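Next up: the structures, one after another.
In the two complexes below, chain A is the common chain; its partner is chain B in one and chain C in the other.
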Partner chain A sequence: MFSGFMINAWQVGTIVAIVAGVVGFVVVLRGDVFAAHAVPNGAFAGAAGASVVGLSPLLGLGVFALIAALGIGVLRRFGQRDATTALVLVLSLATGSALLSQSTQYASSTYALLFGEILGVSSAHLIPLLALGATCVGAVALRWRALLLSAVTPDIASARGLRQGRLDAGFLVIVALATTMTVPVVGALLVFSLMVGPPAAARLLVSRPGRAMGLATLLSLVVLWSALVAAYETNWPVGFFVSTGSTLVYLVARRISQHGTE
Partner chain B sequence: MPDALSVEHLTVTLHGRTILDDVSFSIQPGEFTGLIGSNGVGKTTLLRAILGLQPYETGTISVNGEPRDLQHAAIGYVPQKIALDSDVPLRVIDFVTLGLDAERWGLRRRSAAQRDRVAALLEAVGGAHLATKRLSELSGGEQQRVFIAHALVREPSLLLLDEPLASLDPRNVQEIVALLHRLAHEHHVAILLSAHEMNALLPVMDRVVYLTGGHCASGPTNEVVQTDVLSALYGHHVDVLQVHGRVFVIAEPNDATDNLPEHPTLTVH
Partner chain C sequence: MGWFFASGLFTSPPVQVALVIGAVAATVSAVVGVLAMVRGLAFAGHALTDVAATGGSGAVLVGASPLGGFLGGALVGAGAIALAGHGPQQRRDVATGIVLSAATGLSALFLYLDATTNATTGVTQRVLFGSLFSASSSTVPVAIELGAATLLLTAVIARPLVLSSLSRELARARGIPVGVVSGVFLVTLAMAVGLSALTIGSLLSTALLVGPAAAAVRVTTRMSYALVIASGIGIVSTWLGITLAYDSYNWMPHHQSLPVSFFVVVDVVVAYGLCSLVAARRARGRRV
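Coming up: the complex of A and B.
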């Protein structure tokens, strides 16, 4: 379990889990959960398109994640936050499926994009993943205070002269970057669970923002590592275990927090 | 000394409707001003314009003699009660501390002096015991205190409060009003507080900005809250009655009464 391609999986999984924990925490804090579901679907369309024209799927993934994120950012400025996000999501999925219909091969690579295949991520990806991950975590750290205040009291933040539109768009770009790195590992449809489950669980248990984010990252690591072990033992897809693990962590946290308040 | 706040010829149109029509008034440093008017008359719109949250057609807004956009740090803002999800991981002390430096990049640790300042302010607003509670768990009165501490932590010269007394019980109303009064008179913070009911403010209000139908009358409270001034403002006759130190604005029968401020004991037959 700790040799050859599995070493690679452990390394990649660890990076992805940390980024998902940190970025996911801010996603949940800002109520961007739906957007965090839509952006990976844009990414999926991009990867599908790239493989049809023979480009690197990772490139298509990144570019389309960015387009989806900025599209959501622009559209929702004029209201109807959920509706616009939903339209971007559906349009992305439709584009992805249309592009894939042009491709006669790679059925299994499509499957990997949607549901993830951590074992398929080669060691050549390690450095780019590390760079992307550091960028995401660094950007959140740099704007941490502004992100916090504007999430809780947007009007106060605006009145202080913080530019919400920019902050919002900037954070969606971070979500797009985080998506680009996590989609190949856990898949476009399942990224969401890793970004939402552990942070939602952590904030039930801890009331300090920094510590809650730390716990979210820790839980995210625990979920991903357990999923790797389970996948290795059973030969089932990692994404399945990541999703069930995230849900489980959330339910346990909820149980504990209800117990604590009674 | 320049005006703490000066609003000149402000006109705001929302969806083709003129909400504020050529509104002008000013507030001196350390002055406690009530922004009085019934619900929907444009009090929040006026505050939002001053805060830079609401675009306006014409007019000038200056703070301490400068355009408001240069004076972000001089303005403190206490919004109406907000509802937060119960699991938002932010404690009262974290929130007040964010008031210091929310726009600062990075994670640099706050100095001991800054932390002391946050603690002292929480103490001053009567919220020391709330420090480690989650912001989402606060009652209306507690939230007002904490938001006031958050706004004050940067030492603003102008504090804007949007209906801070709405839905508070009488004891909390008295305590918050007394707190704001001290702030204005001892720390020379100019205060502009919106309310649909002015009686709780009468003992402390230096000045009133009375808003109705998009127009305002402003000046010392006892000069503005007069039968002739308010009748002219409403465009029809209203009576201003003073009973045991309380003020009632009463319209003639058949007049549009929906423009009147709400008074709990006011009945119009």
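Coming up: the complex of A and C.
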């Protein structure tokens, strides 16, 4: 369990869990859950498309994630927040499916991109992952107060001269970066699980933002590590265990917080 | 018009089935979608398509009927969202997200098991993107019946639903059971989504649920107009998409047709863009 490729999996998984915990906490706080689902899915289409036309999937992933994030960020300022997010999502998925249809063989890499291939990560991924992860966490730390203020009291934030639209789009770019690094590892569908389950649980348990974010990171580490162990033991897809773990953590937190208020 | 309606378009059985099923799914999605827009349920509507697909892949795994799987999945998902997501929009979004994430995890497992036990490749792509042309003619009567039932249920709850969306207090005062009505609507949403996820795929299901409705709501505030406009956009987008996909066989260098869902989505997005332009122009006119 601690030899060869599993060492890489532990290292990479740890980085991914920390980034997902930090970025996911802000996602939940700002109510950007739908966008956090749409960006990885849109990005997946880009990766699939890039692999069909012979480009690096990571490049396609990054470009599509950025386009989707900026598209959502810009369009939703004109109203109908959820609807525009949904339209950006279906448009990027449709483009991906059009590109995939031009490939003559069934792209088996598609499956890996959707559900992750954490056990197939090579050590060459480690440095770029660390760099991207540090950028995401650093960016959140840098704009921490502004992000909190505009999430909790948007009116006061505006009154203080904060440019909400720019902050909004900027944060979505952070989500896009986090997506680009995490999708090849845990898969497009499950980045989302880590970004929502543990942070939402932490929010229920702790009210101070700094501590809640710490707890969110801790919980997402626990979820990812146990998922790795379970996937190693059973050979089932790691994504299944990640999402089940995230859901369980959330349900337990809900239980505890309801007991607290009674 | 021969260049546009390529030869064999209307005589090919898969195309005929696609035209009928596409129109049914588009109409039902548009009608339910307008109400979903009014209630801010776009995310839930999208999440339910994925949950339905989970049910579908589970059904494939145990050899049960896919229709039951899709419908069952959507209904269970709707129940979970309704139970967990009381209160403000943000809280409901988180609950929807949790349900969605649990469902995609299960999907991952089911598809993995499907692929290893039945050696059925392509399930992933079919479940995600769907294909109108692969719908079989035996699904036509089921789709029509289910669609009619959904529309009927919608018609029954439409008025109390709209009233309770606009003002909970007023609806309560009038003796409308607000909780029951919103629960029934989630069931309707689940039926619409289950139907379209099965027949046209979960990608198109979201597009047809959200796109035409969002476009219609931009250009009119009257419910009846919105319903008509949304259905119109939905049906036209679907039929145009089918025609273009059929024609694309002749455009592409290697005769690899582009998928129907791609064209339908592009049509829907263009329609949304046009309606937004109209709305923006009107708003400017009013200001001047």
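The working rule: the second predicted complex is superposed on the first by the 260 of 262 C-alpha atoms of A that agree within 3 Å, B and C clash if a C-alpha of one lies under 4 Å from a C-alpha of the other, contacts with A are read in each partner's own complex, and residues count from 1 in each chain.
By our rule, a contact is a pair of C-beta atoms (placed from the backbone, for glycine too) under 8 Å apart; a residue touches a chain by one contact, two chains touch by 3 or more.
Quick caveat, the model's predicted, so the values are computed rather than measured.
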item: First (chain B), second (chain C), both or neither touched by A:23; value: neither
item: First (chain B), second (chain C), both or neither touched by A:67; value: neither
item: Which of chain B and chain C A:160 touches, first, second, both or neither; value: first
item: Contacts of A:178 with chain B and chain C, given as first, second, both or neither; value: neither
item: Chain A residues touched by each partner, larger count belonging to chain B or chain C; value: C
item: Touched partner set for A:37, first chain B, second chain C, both or neither; value: second
item: Touched partner set for A:136, first chain B, second chain C, both or neither; value: neither
item: Residues of chain A at both interfaces, chain B in one complex, chain C in the other; value: 200
item: Chain A contact footprint on chain B (complex, rising order); value: 51-53, 69, 72-73, 75, 77, 79, 82, 84, 87-91, 94-95, 98, 101-107, 132, 134-135, 150-151
item: Residues of chain C touching chain A in the complex; value: 37, 40, 42-43, 45-46, 84, 89-90, 93-94, 96-98, 100-102, 104-109, 111-112, 115, 121-122, 124-125, 128-129, 203-204, 206-207, 210-211, 213-214, 217-218, 252, 254, 256-259, 261-262, 264-266, 268-269, 272, 276, 280
item: Residues of chain A touching chain C in the complex; value: 28, 31, 33-34, 36-37, 78, 80, 82-87, 89-91, 93-95, 97-98, 100-102, 104, 106, 110-111, 114-115, 187, 189-190, 192-193, 196-197, 200, 236-237, 239-244, 246-247, 250, 254
item: Chain A residues touching chain B - in the complex, by the definition given at the top; value: 29, 141-146, 148-150, 152-153, 155-162, 200, 202-204, 206-209, 211-212, 257
